[in-house]
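Both complexes shown next keep subunit A, but they swap its partner, so subunit B is in the first and subunit C is in the second.
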Partner chain A sequence: MSGFEDFWAIYGNVVLTLGTNSLLALSIWLTLACGMLAMANAAFMGIGAYAAALLTMNYEASFPVALAGGMVAPALVAALIGLPTLRLSGVYLAMATLGFGEVVRVTILNTESLTGGALGLNGIPQLTQWWHVVLAVVLVLLVLWRVRRSKVGRAFDAIRGDETAAGLMGIDVRSTKMLAFVAGAAIAGLAGALNAHLTFFIGPGEYGFDRGVEILTMAILGGIGGLAGPVIGACILTVLPEALRGFSDFRLVVNGLILVLIVLFLPQGIWDPARFSRWLRKGGRRHA
Partner chain B sequence: MLEQQFVNALSLGCVYALFALGFTLIFGVLGVINLAHGAVFMVGAYAALVVVANLGLPLWAALVAAMLVAGLLGAVIDRLVLKPLRRRNAPHLIPMIATIGVAIVLNNAAQAFFGAGNLRFPFGTVPEGVLTVAGLHVTVIELGIILLSFALMAVLMIVMRRTQFGRALRAIAESPKAAWLLGINVERLFLTTSFAAAALGGVAGVLIGLYANALYPLMGQPMLHKGIAVVILGGMGDIRGAMLGGLFLGFAEVLSVAYVGSTMRDAVAFGLLFLILLVRPQGLFGKVVQRKA
Partner chain C sequence: MLELTSLSKNFGGLHVLHDVGLSVPEGAIFGLIGPNGAGKTTVFNLITGLLAPTSGGIAFQGQDLLRRRPHEITRLGIARTFQNIRLFKEMTLLENVVVGAYRHMDYGYASLLLGLPRYREHEARARERAHELLGWMKLDHKANDLADNLSYGEQRRLELARALATEPRLLLLDEPVAGMNTGERAELMREILAIRERGYTILMIEHDMQFVMGLCERIAVLNFGRIIACGGPQEIRANEQVIEAYLGREDDEQAEQAQ
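What follows is the complex of A and B.
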């Protein structure tokens, strides 16, 4: 047992970060599954983190209430900005959502009285237990797994395949997209709220451009063909820098190289159901 | 006072424009959102620093070296990363993710070799003098930035508009496949474009390094964010738009610092970007791409 305790004392934070990162990757998977490249998830994570942290610190809300607040706040914001932005498509949607993310960051920086500005929020009570994170990941996976097999999930697939055709088949494209966007924001907010009550401190710099890109990388690297992909991607991006400690100064250089190599040799992502079935059919013969 | 701000805004806007030109060139011709452009910009700046500080050569040699080093780096990225992905018909987001990996490698390699702290160009790299033109104070650096940027932009415009090479590039931007069928060597032009775009980024890196007098491994990241804003403002892939967008952002930032407050500087850039996208999704100068059934 003490072996496990030692392990947990050293790597507990990494394991819990695995969980929150998986949530983030799943949150962007939801919009990607609907064919939208929306990159506001880091901002939604930040909104969730600040909302939840302020609820527990200033209003002494209980932890479930704080978590709920951390999900509702970004979902509301997503519904508001979704109305105009979801008309955009492709790169323009990505850029508008990235721009929105920067607006959120600068807003947090400039509302010192509420958010502590650049200094961030300090002394957030550490309420997140390991099983909270596990439960959240399992619940989100279950819900998404059910959604994929439902009418809504098929609507996502249809919209990703061809938006115009999906509309002609009677799918309400706008509200389906909005649903994916808002639900993704709520999941990202949950990740932020859990993370805030884990790390004791949050600051505006954590939710910027780089975090947004990292979330996207986790999902794409893992593969967006199934739910396992984003979780695998999140695990790789979280564990890799830790596993490469031996390279000291060149640790992140090697980390970047590995990312490039994965993308070069597995352009469909690591978890690619189509490739697996091809392997089975062709008796394991590789066919790129 | 206002006129003085005008000079600051013009020099800052010129650097933004130079940086955004490379970014938009890659997007327009290769169709890739190159998130390694900020890292290439940083490599250009460090290359110039090594030439000036360690080899003791004059600034013009450093500028040439920065262009060559950054340009070659861009060409290598195209050969080793983007070309294999093109050949494998990778989905359209994959090249972008690959350039993120490249940026991580370059940023951290710079940190490992040069340290995380700020480095400076040695004193006297650029003459310290201040010129007074029509009552305006212009430092030599600012004047140099403005002249060099406009010269490079003019060269690029002439190449794109007037030469066979530019026509071929515009054909590829329309459709690489059609260009290939017309007998254009698409792969070679991709390589040349990568070189030219990265070289422009490298020069922008040197100019910012001189202007702010600080080089650090992550200096490309804020620039990359602004470059994206500029390119969106001007319309993705539009060369003229990138120039005007860069100048526009320079003016918006300098005026907001002067009249609103320095903390709102970044909010101005991205708030503007967000608003413009809502009103004109194709950017200020972009064309609407109609989807044909």
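What follows is the complex of A and C.
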């Protein structure tokens, strides 16, 4: 038991970060599954983190209420900014959502009385237990797994494949995209709320451009052809910097090199069901 | 069943359609023909809500289609195929057709998330129907292949099955036999006749004269955005304006003036 305690004392934070990063990668998977390159998830994470932290610190809300608030606040904001921006596609959507992220960051910086501005929020009660994170990941995976196997998941795939054709199949393209965007925001907010109650301190710098790119990288690296992809991507991107500590100064170089190699040789991501079934068929033929 | 009244469409200064009037009766196979660039596909895009007309009206079974979005028009019972095939290439044939059944899967989020009987029943029914429709198009043996791996003619037939899965009353076919060989054409002709026998109304755009004349009871001819003739195959064949539109006038100078 003391072995585990030692392990947890050193790596507990990494293990819990695996969970919150998985949630973030899954949150952007939702919009990517609809063929939307929306880069607002870091901002939604920030909104969730601040909303939940303010609820527990200023209003002494219970933890479940704070988590709910951390999901509802970014979802509402997503519904608002989704109305004009989801008409855009491709890089234009990416630019609009990145712009939104900057707006959120600057707003946090300039509302010092509420958010502490550049100093951030200090002394957030550490309410997040390890099993909260595990439960959140399991629940989100379960919900997304059910969605994928339903008409809604097929609508996502259809919109990603051909938006016009999807509309002519009777799919309400605009509201389906909105659903993916809002649900993604809620999941990102949940990750933010859990993370905030884990780290004691949050600041506006944590939810900027870098974080947005990191979230996208996790999903793309793992692959968006299945739910396992984003989780695998999140794990690799979280663990790799730790595992490479031996390289000391060259750590980030090796880290980047590994990512480039993966993307070069596995362009569809690490978890690619289509590739697996190709392998299976090839193997089957060889045996036959 | 479908009424177009003095429909016009301009793209900037370009008049693509001018005062187009059409009436497709229920149960008919109606052909819309005309030279390249006459505006035929634009007519389809207006009917299905992908474009908004500059002026004029479209009514389907007494309901106004203007200012409705594509998915709403599909839900009223109009389905279409595309001249440049637009399948979901990363999906299997079966999945393509099941997507078409989207609005007929009537279950809410509770049954979806919990996998309640209502969800299972509707999903199973949609699959069954998809297999049946693939059977109509003689594609059922490839149900689990990827759509991307089909031949050109098979892709057109899959698009037709997918359109049928929306359970339409009116089927719009945009050049259904383009790129098919003679054998495939004859086969598709039989299949389209069989579809009509099952109670669907069909409006088709087609270049292949033999195919159109053999299949359609009524034909409208579109040239430079105007309807220049409308009638049975015999009438159309004998119509001088139609012959002129396709073959040109004997006197070339006159033809140039007319343009």
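Basically, the second predicted complex is superposed on the first by the 283 of 288 C-alpha atoms of A that agree within 3 Å, B and C clash if a C-alpha of one lies under 4 Å from a C-alpha of the other, contacts with A are read in each partner's own complex, and residues count from 1 in each chain.
The working rule: contacts are C-beta pairs under 8 Å (C-beta built on N, C-alpha and C of every residue); 3 or more make two chains touch, one makes a residue touch a chain.
Fair warning: this is a prediction, and the values are worked out from it, not measured in the lab.
Trainee: Can A:260 be said to touch subunit B (first), subunit C (second), both, or neither?
Mentor: First partner only.
Trainee: Under the stated touch criterion, which partner chain does A:164 make contact with: subunit B (first), subunit C (second), both, or neither?
Mentor: both
Trainee: Is A:213 touching the first partner subunit B, the second partner subunit C, both, or neither of them?
Mentor: first
Trainee: Does subunit B (first) or subunit C (second) touch A:110, or do both, or does neither?
Mentor: First partner only.
Trainee: State whether A:155 touches subunit B only (first), subunit C only (second), both chains, or neither.
Mentor: Second partner only.
Trainee: Just to be sure I read the superposition right, which of the two partners does A:274 touch: subunit B = first, subunit C = second, or both, or neither?
Mentor: second
Trainee: State whether A:172 touches subunit B only (first), subunit C only (second), both chains, or neither.
Mentor: A:172: touches subunit C, not subunit B.
Trainee: Determine, under the contact definition given at the top, whether A:147 touches first (subunit B), second (subunit C), both, or neither.
Mentor: Once the two structures are laid over each other on A, A:147 reaches subunit C alone.
Trainee: Examine A:95 and indicate which partner it touches, taking first as subunit B and second as subunit C; both and neither are also allowed.
Mentor: Touch status of A:95: first partner only.
Trainee: When both complexes are superposed, which of subunit B and subunit C contacts more residues belonging to subunit A?
Mentor: Touching more of subunit A: B.
Trainee: Show me the subunit A residues, by the header's touch rule, that subunit B contacts in one structure and subunit C contacts in the other.
Mentor: Subunit A residues touching both partners: 164.
Trainee: Under the touch definition given earlier, write down the residues of subunit C that touch subunit A in their complex.
Mentor: 48, 50, 69-71, 74-75, 79-80, 82, 86-91, 95, 98-100, 102-103, 105, 107, 112-115, 119, 123, 162, 165-166
Trainee: Give the list of subunit A residues in touch with subunit B in this complex.
Mentor: The touching residues are 37, 84-85, 87-88, 91-92, 94-96, 98-100, 102-103, 105-107, 109-110, 164, 209-210, 213, 216-217, 220-221, 249-253, 255-260, 263-264, 267-268, 288.
Trainee: Can you tell me which positions in subunit B touch subunit A when the two form their complex?
Mentor: 33, 35, 81, 84-85, 88, 90-91, 93-94, 97-98, 100-109, 111-112, 221, 225, 228-229, 232, 236, 263-264, 266-267, 269-271, 273-274, 277-278, 281-282, 291, 293
Trainee: Per the contact definition, I'd like the list of subunit A residues that touch subunit C in the complex.
Mentor: Of all residues in subunit A, those touching subunit C are 143, 146-147, 150-152, 154-155, 157-158, 161-162, 164-174, 274.
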